[in-house]
Amino acid sequence: MDKHRLTRILQNLQRGDLSIEEATGKLTHFVNEDLDFANIDHHRSLRKGFPEVIFGEGKTSEQIIGIMEKMMSQENVILTTRVDEEKAKRVLEALPSCRYEADARMIICAPEDPKPTGHGTVLVLSAGTSDIPVAREALLTARYMGNHVQSVFDVGVAGIHRLMRHREAMEQATVIIVVAGMEGALPSVVAGMVKAPVIAVPTSVGYGVSFGGMTALFGMLSSCSSNVAAVNIDNGFGAGYMASAINHIPLPAS
Amino acid sequence: MDKHRLTRILQNLQRGDLSIEEATGKLTHFVNEDLDFANIDHHRSLRKGFPEVIFGEGKTSEQIIGIMEKMMSQENVILTTRVDEEKAKRVLEALPSCRYEADARMIICAPEDPKPTGHGTVLVLSAGTSDIPVAREALLTARYMGNHVQSVFDVGVAGIHRLMRHREAMEQATVIIVVAGMEGALPSVVAGMVKAPVIAVPTSVGYGVSFGGMTALFGMLSSCSSNVAAVNIDNGFGAGYMASAINHIPLPAS
Amino acid sequence: MDKHRLTRILQNLQRGDLSIEEATGKLTHFVNEDLDFANIDHHRSLRKGFPEVIFGEGKTSEQIIGIMEKMMSQENVILTTRVDEEKAKRVLEALPSCRYEADARMIICAPEDPKPTGHGTVLVLSAGTSDIPVAREALLTARYMGNHVQSVFDVGVAGIHRLMRHREAMEQATVIIVVAGMEGALPSVVAGMVKAPVIAVPTSVGYGVSFGGMTALFGMLSSCSSNVAAVNIDNGFGAGYMASAINHIPLPAS
Amino acid sequence: MDKHRLTRILQNLQRGDLSIEEATGKLTHFVNEDLDFANIDHHRSLRKGFPEVIFGEGKTSEQIIGIMEKMMSQENVILTTRVDEEKAKRVLEALPSCRYEADARMIICAPEDPKPTGHGTVLVLSAGTSDIPVAREALLTARYMGNHVQSVFDVGVAGIHRLMRHREAMEQATVIIVVAGMEGALPSVVAGMVKAPVIAVPTSVGYGVSFGGMTALFGMLSSCSSNVAAVNIDNGFGAGYMASAINHIPLPAS
Amino acid sequence: MDKHRLTRILQNLQRGDLSIEEATGKLTHFVNEDLDFANIDHHRSLRKGFPEVIFGEGKTSEQIIGIMEKMMSQENVILTTRVDEEKAKRVLEALPSCRYEADARMIICAPEDPKPTGHGTVLVLSAGTSDIPVAREALLTARYMGNHVQSVFDVGVAGIHRLMRHREAMEQATVIIVVAGMEGALPSVVAGMVKAPVIAVPTSVGYGVSFGGMTALFGMLSSCSSNVAAVNIDNGFGAGYMASAINHIPLPAS
Amino acid sequence: MDKHRLTRILQNLQRGDLSIEEATGKLTHFVNEDLDFANIDHHRSLRKGFPEVIFGEGKTSEQIIGIMEKMMSQENVILTTRVDEEKAKRVLEALPSCRYEADARMIICAPEDPKPTGHGTVLVLSAGTSDIPVAREALLTARYMGNHVQSVFDVGVAGIHRLMRHREAMEQATVIIVVAGMEGALPSVVAGMVKAPVIAVPTSVGYGVSFGGMTALFGMLSSCSSNVAAVNIDNGFGAGYMASAINHIPLPAS
Amino acid sequence: MDKHRLTRILQNLQRGDLSIEEATGKLTHFVNEDLDFANIDHHRSLRKGFPEVIFGEGKTSEQIIGIMEKMMSQENVILTTRVDEEKAKRVLEALPSCRYEADARMIICAPEDPKPTGHGTVLVLSAGTSDIPVAREALLTARYMGNHVQSVFDVGVAGIHRLMRHREAMEQATVIIVVAGMEGALPSVVAGMVKAPVIAVPTSVGYGVSFGGMTALFGMLSSCSSNVAAVNIDNGFGAGYMASAINHIPLPAS
Amino acid sequence: MDKHRLTRILQNLQRGDLSIEEATGKLTHFVNEDLDFANIDHHRSLRKGFPEVIFGEGKTSEQIIGIMEKMMSQENVILTTRVDEEKAKRVLEALPSCRYEADARMIICAPEDPKPTGHGTVLVLSAGTSDIPVAREALLTARYMGNHVQSVFDVGVAGIHRLMRHREAMEQATVIIVVAGMEGALPSVVAGMVKAPVIAVPTSVGYGVSFGGMTALFGMLSSCSSNVAAVNIDNGFGAGYMASAINHIPLPAS
């Protein structure tokens, strides 16, 4: 039910052109449409200030350009994930105000320095060098959603002492994203060392019984530490988004 | 290295009984032990006020009683999860100051009204009546870890209108735990409606291709909403713990 | 929003106690509740005359009795599925007007001869004697949802000639439910012989690589016949329900 | 046994050239052939008016042309599914009277406006933009098999309000095909809102634990709504075919 | 169509009471039934002298007795597989002329010394002592289907020299059944040593990644020897039946 | 131990240069080598007249040519499987006396008409046109291993009447190879109609839950007919080899 | 061929009763038996001093007693694994000289203090208290196979500092067995800290996506540390045996 | 904490600029850094003389060259695994002092004849010719880590006599690496013949139910021989590394 029709019904009731029963009937009947009308407003406010994100995999550069152009009039942060170098080049030719973050495979159209609006810091840890693209995707997503971010890469469990060096950063983070492939043990170790919530991101790094990230994922979900929850394999974007949601939880007015 | 030994080394250095080189050698050599000593203190502070939790499954009532008795001198909140009715009865005979929450299958030794220390409200939603034990485990865990909690059960996606009724509660929650078995679709729907972080808990409810919760879990991880992360199947405790960690993120002094 | 509150708002508007803007605000605000109120009515009409069904597995006889008693005032057909003999006995002691169909493991509270309201006949075929419980569950579900039903059991593909004998029944059915375990080949063969829609129900009959019905299910979904769709393993109830939905599709007034 | 041979045997019996025993022997002996003879007629009538469909994947453009040419003399609707753009181009050069539906990846040789012969409307819903090729395959299959069709795309569960807007269309459809990848939750939600039969089509859209459509499929089969049955992953054709079978169920003469 | 009805039609034709057209119509119409009639005879001859087999698992002793009693008037060899000791006891009380083979978990009603009718010897090898029940089921099935049988148990690949001792028996066998659990390597080794066909039977013996026989099965199917084919896990009966089919292949009259 | 060394030891014993104890020692010591010496002779006789087979997949044309050239001096039948067209072309340029069977993807170097040495006929049935390459591989393997072969293609279960037409051929075959993808139901149906041993070959034809042939394989192993054993997916060669082994079982001299 | 027959052949040759050709024939013919004769001796020496081990699971107490009694005359160390308390009680009644290690579920008949014969120390680490039965099985197996053993339990990765405390023990061990369930991360961490070979033992501890130990196993095999190899799930015995084999590698005489 | 800072703290204590309490505080606070400082030294000594290894898969030739150049100043053995021919060519152009081992797909920069430092011989056995690349990777890894190595290729279980010929080599080896694909039976057979520890390496050789090496892996872990542990699929490097660790176990000074 759009506003005009609602007003009309109420006016008709007010004027005596409709009885209360008739007005009730009309209102009940259009209630589904109402829902939609309510949602749209709500929805818009919900997402305000958040980057709209385009999943670039499987889209042509033409399709990406098309969607981005449509969004550019309304949004001031646009992220496109999973774009390979060649595709990115063609997109940037059309949209020269954007830039390509090659290691994260993302195209970003946004001011260089997004202002952090979250409560604290999102720390991104990753286990191996091959996990870096996913870790960077998480990092940039969190950053452009308005979070202060920090990262430590290459601190896998096979050299546990390298991780230990960063204990302070871990203890000061508000949320920690831990990216790991192969056996995916890092989130368990990290979560055992901090009380912050840990978002675990399995990567498809590995071979054989790594099962394209499945072993890492299941290991993370079987973690003997309890302040851990996981996202899908290679889903750096989702981890950054979830971390941002945590770092932006509303506080009671006090 | 315990404190006494450290003091002794430093005293010996101070007294001139040790050279700096000798002191360095001793300190370096015992550094592993030191680490432990440091950790214990740190660890204790980390966990202060948090319930220690005993996983009751596969333990005899005697074993549970033994562990609980040892903890009771030091902790004022003790939770034991996954205890069936009969076992619980035997435990409560030995520990009459505790109580059994049958629907959550938990034994709780704690004051009835734990004081909320978190920022806001943890909301627990569950899809079907069979998901209630897991949902209650999450709820009580969060509650006894110092969170204001709220719950709405039986709002599965096959009757989407029932969920809609609780939109306000969803919008006001700080963290939402969504418990669902079978196709596990509820977290996707909920996360699409709010901006709070959503912890998805798959349950082993269902049969055939529900695969004991696997289908629900994979559905949750494949969610097209991004503010969702998942814990292991039936892991109500973990969800409550993670939600509590989110609801207690440290805020910058301001 | 319940009816009384809606009426009150409209009355207040009519009386001039509320301006149109105020009324609009109140209506928009309560729209979620409204939705629910609308849905319930709609829902009831949607389901009228259809059996409400209780999934008996994992429920105690006391729980089943409780739910059934609550429903008995409102419904004239009540089905409870997956009830073993012992549980059924206890339920029937409390509810002597119901009866137990042992081979289908269902408790039925309904007049013996439900009047068919569907367009034609639902035919249930099953491959082996062990598939009969699932087949009977499908049959009785369809029957008590108002369908003329017919059944042919024990016509597996290892003796294809036995199936051939029932070609006429197959050709005259409006919908065919085919229940099969092990390799689950029967639906493919049947669907190749008719133009009616075929609902395939895999059963957990078999061992080893039958994988508790998974092989039958995947075989059915891989069927080289196209007028086949499948339901979950052992889901006789779902097949009966789906077949009834098909047999009751609304026809354009003409 | 062809008709001529049967007639000859019976003539010989009539003439006294064969005894009853001899005729019986001959008839029994050739009974397999008879079966075939019977089947062919039956078969032809079974399929009358239905499009013959060619599965294009893995066939060369030459093979496709060959099969289509052979069929064109006898059939007035020919569908070829899963044809990529390049292959289609080569086929259309040879068969210029056909056309290519790029988004459905189908080649269609048929009059533009097939006359609907089914009882009502087949509605096709799809969750995400990536599901459109499968949804379109279902739509066109149903359309060219003689059904009035309608479609609503991009109504995934992460934005449940968008789905709500189409409630009326859902309630008026005779059969609903729901196409969804990732967590595959849409069919559950839709089936909970209508009483029509719902054909669920999982798509291979997604990554990681989407398992190429498996998670969506299992979610659909685990649906807590009962008027749902599923077809194989990406099997838009099968869904359209099944929906058409449902929309053409024979009605008793009255 | 039974013989009587066929004869009647032909008599009527002979007598002139039916025209050829009318007779053709009647014959065509009943062709499905005819098929069945033909098959039954054929079927009977096909199976003559072969044991009818009852799958005892999941059947009560009463059900088993019922089926066996019905068969006893017509068959002189009756096998019931997968019967545990207790059930067997109750069956034998009712049918004292049968006997129970505890190690094969079979009830056998047959003369002690079935006459071999096959071409040569069926040799049954098994890898471990836990494989013996399945091996014995295969052996007794083959024996009572009319084959000369021989067996060597406990010749697993971890002690390859024990197998070597039986090379002569292997070389003289017509068919070899190899029963093995765990890694299931024995059939590969055996098939590499002989030119006879080898039927591989995986057993559910093992734990962990033995996957209840799956690893053995897949190992057997991946065998680098080519004269191997496999049956389902623990399917000793099937292996005995298949071996018997091989040992009874028809020879051209010469 | 080669023959020369054995002879030398025995000569030395005979001559008195070795005592019996010394000879025993030497013989025992070399027994492993002896084994090998024994095996080689045996092996050669075992394989006489059988084609040596090269698995072409993953080998370069150069490697294939190299192996084939080495074999050509000793063998008069050489088969190479899984060779694509391009590779085959390069091989045939080097070895012009061989020929390429494109539909079976095999290179064959053998006289055109190998003389059948088996007892009867190997019949190859296949379900769909896409199964033909595997079926042809089976057929040619069996043929060149000395078997009279026959084939019927495209007799899938979705059109069961087409299969019926070939009942006579099925009943006269000594061994039947049944090749099927998708749901893999054909071997069950065929085995239910004959008493000959049936070798089931699953193919990787299909998509989605066909799982690259896994569903067909598991269906075949779960077959409710018992005269069936299966080989690995797409293993036409193995099926042909196994069928040949069955068709060549030694007969007792009589 | 037993020694007597060999001697007889050689004597006959020596005496001139056999020609060299005849002796060669006889020797070649019996070579399989010879092999066995050789193996037995060799075998015995191979295993001397090693405990023969009985897998108790699935065996009755009577069967266990029978096997143990037969072994007791020849062996001085007898281990029986996977024996529950009740079965053990019955066995010990019959064999009072043995004892039951309840936490390892083993029956041991051996002198209390087996003399270590290995090169160094076998260290057994385990992650959680539930892993102790498997860890103890490994420990006792290694101990009774003649190894100096040491153990540290409950040093899981969620409290990494507890592990650190035992660094010295780890660095001094010759072989380390690491037992862990759930995510199975401990072996990776340990192997990263030492240069000794690490035997990883996954346990079935955990639930949900722990998959009964599968996740731990795959994590261990995917380890980013390289001095790790794994045994089957819960296979404490195998780990102890393998560790013993490593700790007893033969050294070159020097 | 680096050495300088430690020294400074101790000097300040010595000088009286710090009290013992202050020094304790500082030392405790920096303990994490200390750990790291300790580890680095330790780590270096741990790895001395061992080749650092680069996993070449997924790295560009530029990346490989970069890493290798950095390492060349410090290490005298550098191994890069999984490098295809083309990539290797480009690397060797930049680093002409290295060489490419094509069959093992490794680039090696090391003196041709590394001096063995291990206790005995590492023997590498492989089942089929396709397993050779993995076997060679294992062999060269072990060799360049300072082990005397030996290899026997193509001794699969389908021709068990070929394996027998190498019994002596097997019995004299200190560690045996067994590389096998398909059914992976070889390690079981080999381990049954020796008392040395056996490292089993599954390869991805095979098709269908070989599951890319999974069947071989599971077979190896299910081995009925106990002196076997496994590494990941195709992980020749890991096997060589583990074998080297075993062959270098420290011996007690005596």
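Some observations on this one:
Lettered A, B, C, D, E, F, G and H in written order, each chain numbered from 1.
Everything that follows uses one rule, which is that contacts are C-beta pairs under 8 Å (C-beta built on N, C-alpha and C of every residue); 3 or more make two chains touch, one makes a residue touch a chain.
Since we're looking at a predicted model, the values are computed, not measured.
Any chain touching subunit A that also touches subunit E appears here: C, D, G, H. Homomeric contact subunit C/subunit F is classed as same-residue, with over half of its interface positions used by both copies. Note that among the pairs C-F, F-G or D-F, D-F reproduces the B-G interface, with over half of its contact pairs the same by residue number. The distance from the centre of subunit C to the centre of subunit D, each centre being the mean of the chain's C-alpha atoms, comes to 24 Å. Centroids of subunit F and subunit H (each the mean of its C-alpha atoms) stand 39 Å apart.
Subunit A and subunit G have centres, each the mean of its CA atoms, that are 50 Å apart. Chain contacts: subunit A has residues 32, 35, 38, 159, 208-210, 214, 217, 221-222, 232 touching two or more partner chains.
Two chains count as a pair here when they touch; such pairs are A-B, A-C, A-D, A-G, A-H, B-C, B-D, B-G, B-H, C-D, C-E, C-F, D-E, D-F, E-F, E-G, E-H, F-G, F-H, G-H. Touching subunit H in their complex are the following residues of subunit B: 3, 6-7, 10-11, 13-14, 16, 20, 23-24, 27-28, 31-32, 34-35, 37-38. Interface of subunit F with subunit H (complex): residues 32-33, 35-36, 38-40, 43, 57-58, 202, 204, 212-214, 217, 232-235. Remark: subunit A residues 35, 46-47, 53, 119-120, 174-175, 194-197, 199-200, 217, 221-222, 226-232, 237-239, 241-242, 245-252 touch subunit B in the complex.
Across the complex, subunit B is touched by residues 130, 159, 161-162, 164-165, 167-168, 207-210 of subunit G. Those residues of subunit B lying in contact with subunit D across their complex are 127-128, 156-160, 182-185, 188-189, 191-193, 206, 208-211, 214-225.
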